[in-house]
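Chains here go by letter, A, B, C, D, E and F, matching the order in which they are written, and residues are numbered from 1 within each.
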Amino acid sequence: MDRQRKRVVTFGEAMVRLTPPGNERIERTRSLDLSPGGAELNAGVTLVCLGYDVRYVTKLPDNPVGRYLVRCAREAGVDTSLIQLAPESEGRCGLYFLEEGTDPRPSAVVYDRADSAIARISPGAFDWPAIFDGASAFHLSGITPAVSEGCKAEAFAAVRAANAARVPVFFDLNYRSKLWTEEAARACFVEIAPLVDVMFASRGNLRTFFGIEGEHEEVLHQACHHLGLAACVLTRKRAKASRSLRLVAYAMGRAGGLIQTDWKEIEVVDRLGGGDAFAGGFIAGYLEQPDDLTHAANLGLAASALKHTVPGDFLCATRAEIVAAMTAADGGVLQR
Amino acid sequence: MDRQRKRVVTFGEAMVRLTPPGNERIERTRSLDLSPGGAELNAGVTLVCLGYDVRYVTKLPDNPVGRYLVRCAREAGVDTSLIQLAPESEGRCGLYFLEEGTDPRPSAVVYDRADSAIARISPGAFDWPAIFDGASAFHLSGITPAVSEGCKAEAFAAVRAANAARVPVFFDLNYRSKLWTEEAARACFVEIAPLVDVMFASRGNLRTFFGIEGEHEEVLHQACHHLGLAACVLTRKRAKASRSLRLVAYAMGRAGGLIQTDWKEIEVVDRLGGGDAFAGGFIAGYLEQPDDLTHAANLGLAASALKHTVPGDFLCATRAEIVAAMTAADGGVLQR
Amino acid sequence: MDRQRKRVVTFGEAMVRLTPPGNERIERTRSLDLSPGGAELNAGVTLVCLGYDVRYVTKLPDNPVGRYLVRCAREAGVDTSLIQLAPESEGRCGLYFLEEGTDPRPSAVVYDRADSAIARISPGAFDWPAIFDGASAFHLSGITPAVSEGCKAEAFAAVRAANAARVPVFFDLNYRSKLWTEEAARACFVEIAPLVDVMFASRGNLRTFFGIEGEHEEVLHQACHHLGLAACVLTRKRAKASRSLRLVAYAMGRAGGLIQTDWKEIEVVDRLGGGDAFAGGFIAGYLEQPDDLTHAANLGLAASALKHTVPGDFLCATRAEIVAAMTAADGGVLQR
Amino acid sequence: MDRQRKRVVTFGEAMVRLTPPGNERIERTRSLDLSPGGAELNAGVTLVCLGYDVRYVTKLPDNPVGRYLVRCAREAGVDTSLIQLAPESEGRCGLYFLEEGTDPRPSAVVYDRADSAIARISPGAFDWPAIFDGASAFHLSGITPAVSEGCKAEAFAAVRAANAARVPVFFDLNYRSKLWTEEAARACFVEIAPLVDVMFASRGNLRTFFGIEGEHEEVLHQACHHLGLAACVLTRKRAKASRSLRLVAYAMGRAGGLIQTDWKEIEVVDRLGGGDAFAGGFIAGYLEQPDDLTHAANLGLAASALKHTVPGDFLCATRAEIVAAMTAADGGVLQR
Amino acid sequence: MDRQRKRVVTFGEAMVRLTPPGNERIERTRSLDLSPGGAELNAGVTLVCLGYDVRYVTKLPDNPVGRYLVRCAREAGVDTSLIQLAPESEGRCGLYFLEEGTDPRPSAVVYDRADSAIARISPGAFDWPAIFDGASAFHLSGITPAVSEGCKAEAFAAVRAANAARVPVFFDLNYRSKLWTEEAARACFVEIAPLVDVMFASRGNLRTFFGIEGEHEEVLHQACHHLGLAACVLTRKRAKASRSLRLVAYAMGRAGGLIQTDWKEIEVVDRLGGGDAFAGGFIAGYLEQPDDLTHAANLGLAASALKHTVPGDFLCATRAEIVAAMTAADGGVLQR
Amino acid sequence: MDRQRKRVVTFGEAMVRLTPPGNERIERTRSLDLSPGGAELNAGVTLVCLGYDVRYVTKLPDNPVGRYLVRCAREAGVDTSLIQLAPESEGRCGLYFLEEGTDPRPSAVVYDRADSAIARISPGAFDWPAIFDGASAFHLSGITPAVSEGCKAEAFAAVRAANAARVPVFFDLNYRSKLWTEEAARACFVEIAPLVDVMFASRGNLRTFFGIEGEHEEVLHQACHHLGLAACVLTRKRAKASRSLRLVAYAMGRAGGLIQTDWKEIEVVDRLGGGDAFAGGFIAGYLEQPDDLTHAANLGLAASALKHTVPGDFLCATRAEIVAAMTAADGGVLQR
């Protein structure tokens, strides 16, 4: 808690995740485990673990379900003072059901997020200039503008306000086909990219939305230069099995020079939020040592790897544990 | 299973109930117990327990959440062949969260049922004349027409088709203030009452919606005659505490003569669905001995009392157990 | 553990109890809680709580289910060295399912105990003279001779060996209608009574099996004198509700003089084994102060009352706690 | 549900499976998870998943334990109208305890199935000609004739009635050494084989019971021709570890031509019922495309693989999911 | 959250509570439920529920157990910025085990709190003048000075600093005989009383520590005048049974005039923290309407009553719910 | 149970282990699973599984937490008559929290064992000559002397008494850096080694504490000769992942000749107590066939491997199962 607590703002939709225990199927389960989730909230929680002052911007119904999410964010150490709690008539709380599969059954998400309070916001819902006052970074994913027209408008308002306040913008190029079409997403992403400082992406999404193709180095180079990014980061996953993964990250700044981390071996407890934890870790590393993308990528990878070892979308780890996970681990038992 | 299986049709919305275990509050819980619910489905399950062939009419999304409800109904022995499973784009599955309180904290229901598949149906969704072919009874509650305009239209279509097919109509005068106004409900109830054969109600609702006032005898007399009912039934509950209730039922047919059951002492495990179990039990008794309202009321009361002793909205009991519960119980242990 | 550990021998059938959690019905449950049970074993456990060296005689299959019971008895402090573990071919392990009801639904036991290893024993299975060497008491219930002809033969062999060794015999006049007829039971009980020193009974059973009728005093007097008992003990239960009981005990020795304890108020967690705990407590009190039946009855009542407050058939309490429960309790919180 | 619902009849013993959670040993567990099981019932459930009208023939006690199994079958969509519910005096409900091991501890089954209601049936218990009226297939395993003489007699009665009704007979050559000797099994299998159309087997069992030896192709060829089968199917499992399997299937019709599927990688959640799911899937594929054994084998393999990924003996999957599992899966998360 | 958030400071020891589920005994349980507790923390949580900005002062080890408590406080909305997290070498985290009894078995607390980090603090551990800057109230219980000499010194330092800053001091006269002797407690309480503005007490403790005796009115009058209090508050509990209580509160200010609330009927889910919730509610009411002790007492009683209906030491309720509980409740189901 | 029950004495600290379920982190968990642990107790339990009469020497508080451990030891078949139960004032019960990690998150132990009853013992606490009367072996680990000065003194007293009674001493060279420094440990180990007959160690510890280096053969040779051991045993673990291990054992007697077992593949359920189970198995094998170290090593390895497949620190297996695990297993399902 003794870090020079830089402030990071994130904005998006928080949802209640409902998971049948024991790999059971939803249609047969008799109970559901609850946990909180939301791409930007997840990333924010990782930043809290790393010592940052994280303010999460969203809107939730002031009912027990919405308050559940506020409590979870608060428990994780996120500053919830910017969360708007509104009457239930202004929208419900988004939910999603998660079925945890094992090979050859894929894990499956059933969204039940329509008509959420955040989806129904109108322009001007948040006072972005005030929100960015004193902030060191803003993080957004491609999911938020997909939630609704109102969210898209506020996403652009937020990004532009961050630009105006010289707060660097981190953007995770997530695409959710359930929420909008590729065309709609492309129009949005093309418009937002020039306003972004650092982008997290996959090679597939860079090809789909920006027509950038090639090997990692080529793709990163093009992304930085064509999209005007200060840096671009890719992660790649190789699944040996649902329960066993290998992760690696690639990054490049405008100055060029491909950064590649070592592969990280992971025994999966819960894979959701892994990409968000990577973003959170990378942002922290980048804010601390902007010129050392290797550090940022390794911190992101360590945070992501640890996230895979705990249940739920949120990472739960101390900074010391994340730093320790940057170096090798051998499956032993730590005596404390 | 050897009863002369009369067929009863019920129609309404089925929902997934989500309950925190151990009297926990929703905003603090880490897991939720699932169970199925829905006024007409609940009543139907009681009728299955009593040996009837029950066909439940509703529409659900063909996703794991919707299929969960189909499985639950099927497990309980309800005939689900009339349930329409539709693509998720045609509507979600209704949910409700239940917090089980103890004095002085009331139990609380948080609905999350908007935009359900059944709420979005259009006129003509169901082929009522075919559905009532061979049926002995139709049961409906005041909740169904409150769900949406489409549901209201189908409720009237169903009731009129039942009338045409000379299938007696049972109607539970439930009012849900969250779903519509008193005015809207009154307009609907006033229109539907003349189409109904047997009505379940509370004194409060008869006063609110039909202006009928007075003691039980007076109220039942007016209800039968002013509303043109073959019979009207009231239940009354006296809560000694959340965990301890007393129930009694009053009934009267058009011929008059107040029927009153003995008070029934109940130690509550779960109070939801208690009224629906009463309706189911009464319908069975009425179909078997239409001239003996005492029998019907006692069967309804026994079913309702037993429902209070099991978790979830559904009764789970054999006909023999329900009949046994019509006579006294002493809290002993049965050796079987 | 510093008592002058007198040895008590008990003999009977141990079974695995399977209970659906949360008042659920067996046919709907998805899990079952396991616990051990058996009238004489339960009584033995209470005697262990009170500081006695208890040796339990039974026969169980040497499979995981049988060994579960051995482990449970051992955990509770019972000496299991006299338990015979036999190949599965010599009989299975008895089970019983318990449904915990609340008013007006009675708790229900579904036995699945046929063909158990103990039921299949042949005469001479146990070396009773050796078993009673050094023993201070023998306890048996009316269930054991009902289990099978082999058990009945061994029960008589045991009682006669105890008589021969001048070990006092305690007998609980339990009748299980599922196991034998009243006629068969009567023949057995009439034969066994003269061999018994102290009998636990209900007024109903004394009437049914011995034709003894009247008020408590009269009944106890007759039982002592007609059956030749050193003492006879009755308990009486008044259920305010399934979850709330009042208990009282009556006792009389051959010298006469009705002993009646105060009524004991009990909030029930689990009522099974309550009578067995009473027997265990009474036996301990009787062994310690044979001339003070009030002490024995109060110790039995305290043990029984505490048994009702813990899950499972076994009491779990220290001697100090049982003694403390002999005097009033006020529902407070003890700070230790 | 819109398939041209062909009807399949299966016959056998259903049992309650009792499993300690968390890899615990039976003798130490404090709770047991319940699930339904039975070779032919399991296969039937897979056929329901694939859109078939499945009627399961068995006999169960009309007590809560027996009704539990009826409810489970009903929940899974099986038609239970042919299940006979009989008084408890006519037999108990079979149980089995399952311990889930990991290497090097094998999973272990402790049967407690003696004296079940189905084991006690007498010839003529079921009206097979009526049962097969309108049926497209009959499935039986080698376990059913092993249960008792009565079951064996009825198994033959059923198979002969199926032959008479020209309903194809599928037979799974399961051998349970706990239920009968190799000699007894051989006599039965040799007698039943000529009455069978399609046999599921392992190479080991073909050698043991029919003396057929050799590589897969040779073995299948001999089985088809010596036993007079329309088709024979083998599955082979290679365990990398208890939690990680590879499966493959081989099949051949009378016309010859070895069919071999690709190996399927499986991360095991629960391996019981995997062979039954294969049978169910194969039967469906065979009924749909009798000339394409590759299709049938792949459908069987996909169903079996998915079964390994869900808890319990029953598969729970939609036809679309099973078809999707016929092609590769990569351990990702499906967004629905 | 729109209240004019007055700040309240509380100071004490926070502990992890470990509770066997299902009324099980500690020595037999296989799992423990965790929840946070601590008299002043509990009171603070109630104040958060009522809209206050609560800052909790304590010291905890910076290990997972200590951080658990920080997370719980944060989740409940308590400002944890004043909590000192120290190396494990500076002390452990206090624990206590709770056994939930039912009549006649008392609930029992087994403390395991020795050598906690807060117990080992030295004078000057906290900067009280800074802490009280801007505060509206300070709350302390009699447990804190009992924890250790260091805690006692800091308790006095805190109270004196509050006096100096004209921050009103609320003191709950709790006595824990496990922590110190009556003599030691008396010396402390006699010294601290003159520094206190409002005292919560029982008649028994006022007699024991201050020699004040008599009926409620007399006792309150003496307490206010002899101890120099602005107000004194008593609560009284009548247990109908462990699961069923009645509560009432009495209060008096220096101006005299006995205030008595109505008795409140409570069905108990968890009784711990009930007194602390009363203190929290009373403080809130007092800060809002210092001249209306009836309001404060009723708010305290409502908060306490609701606390008894939720698991754990912490209240979880909205201000609206607490206000609603000030008036009667009837055990119904609220439709929201 | 029909073994010629040789008696083995073990001595050490028993602790309650508290484990969050589902790989959850301690600071986020809402419940903890309890299980017993303690190096020498764990080894003793394995010896009980193998048919030995094991007497465990320790001191515990006579409160529910201490009695929990006594019950667990008793359940596992350990003779607890030598356990001293003392007033709580003489020390608490040691606890430890275990977080089960997966790669790259290490499992972590948080000790909370200071000030335990056993840590506070004074010289002469146990009557070692009497304890060793009739004993065949004594087992101790390097943890016991590290617990406190009192424990170290008693450890030496015990070892010397064993030497005097010609009871062979087995010593597991465990080092816990949290309990003492390397220097303190070295002094103790150097002093104790000459009193030991058989030592279990790792190469690392032999190097650290005795300066013995080299390959397995060389190291074992030196250990036997320089330390004067009758035999020395090493185990080596290769973690493929947290959930997947390979184990091997090396042993040598004074006569020389390196013994190496085959590698054993293990799918890990719970790795704690694995080394203790090895010790227990080796001791049994050694006592039975002192000249066949291969047998002892294989028995140790089988016991250890099985221990890894069950939850908790204690092995739970029959002798037959352990012997079966000495030969290969293939992940199948055993039908019993």
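Going forward, a residue touches a chain if its C-beta (ideal position, glycine included) is under 8 Å from a C-beta of that chain, and two chains touch if they have at least 3 such contacts.
Not measured: the values here are computed from a predicted model.
By count of C-beta pairs in contact, D-F exceeds the other of the chain pairs A-E and D-F. Comparing the CA-atom centres of all chains against that of subunit D, the greatest distance is found for E. One inter-chain figure worth recording: subunit B and subunit C are separated by 45 Å, centre to centre, where each centre is the mean of the chain's CA atoms. Each chain gets a centre from the mean of its Cα atoms; for subunit B and subunit F, those two points are 62 Å apart. Each of residues 21, 25, 27-28, 30, 63, 71, 110, 243, 336 in subunit C touches at least two other chains. Viewed as a contact network, the protein chains fit none of the simple shapes, being neither a path, a ring, a star nor fully connected. Chain pairs that touch one another: A-B, A-D, A-E, A-F, B-C, B-D, B-E, C-D, C-E, C-F, D-F, E-F.
Contact residues of subunit E toward subunit C in the complex are 22-25, 27-28, 101-111, 176-178, 239, 241-243, 271-272. Interface residues of subunit D, counted against subunit B in their complex, comprise 1, 63, 71-72, 74-77, 85, 88, 336. Within the complex, the subunit D residues that touch subunit A are 243-244, 264-269, 302, 305-306, 309-311, 316-317, 321, 325, 328-336.
Against subunit B, in their complex, subunit A makes its touches with residues 18, 21, 25-35, 63-65, 67-68, 71, 92-93, 95, 97, 99, 110, 112, 114-115.
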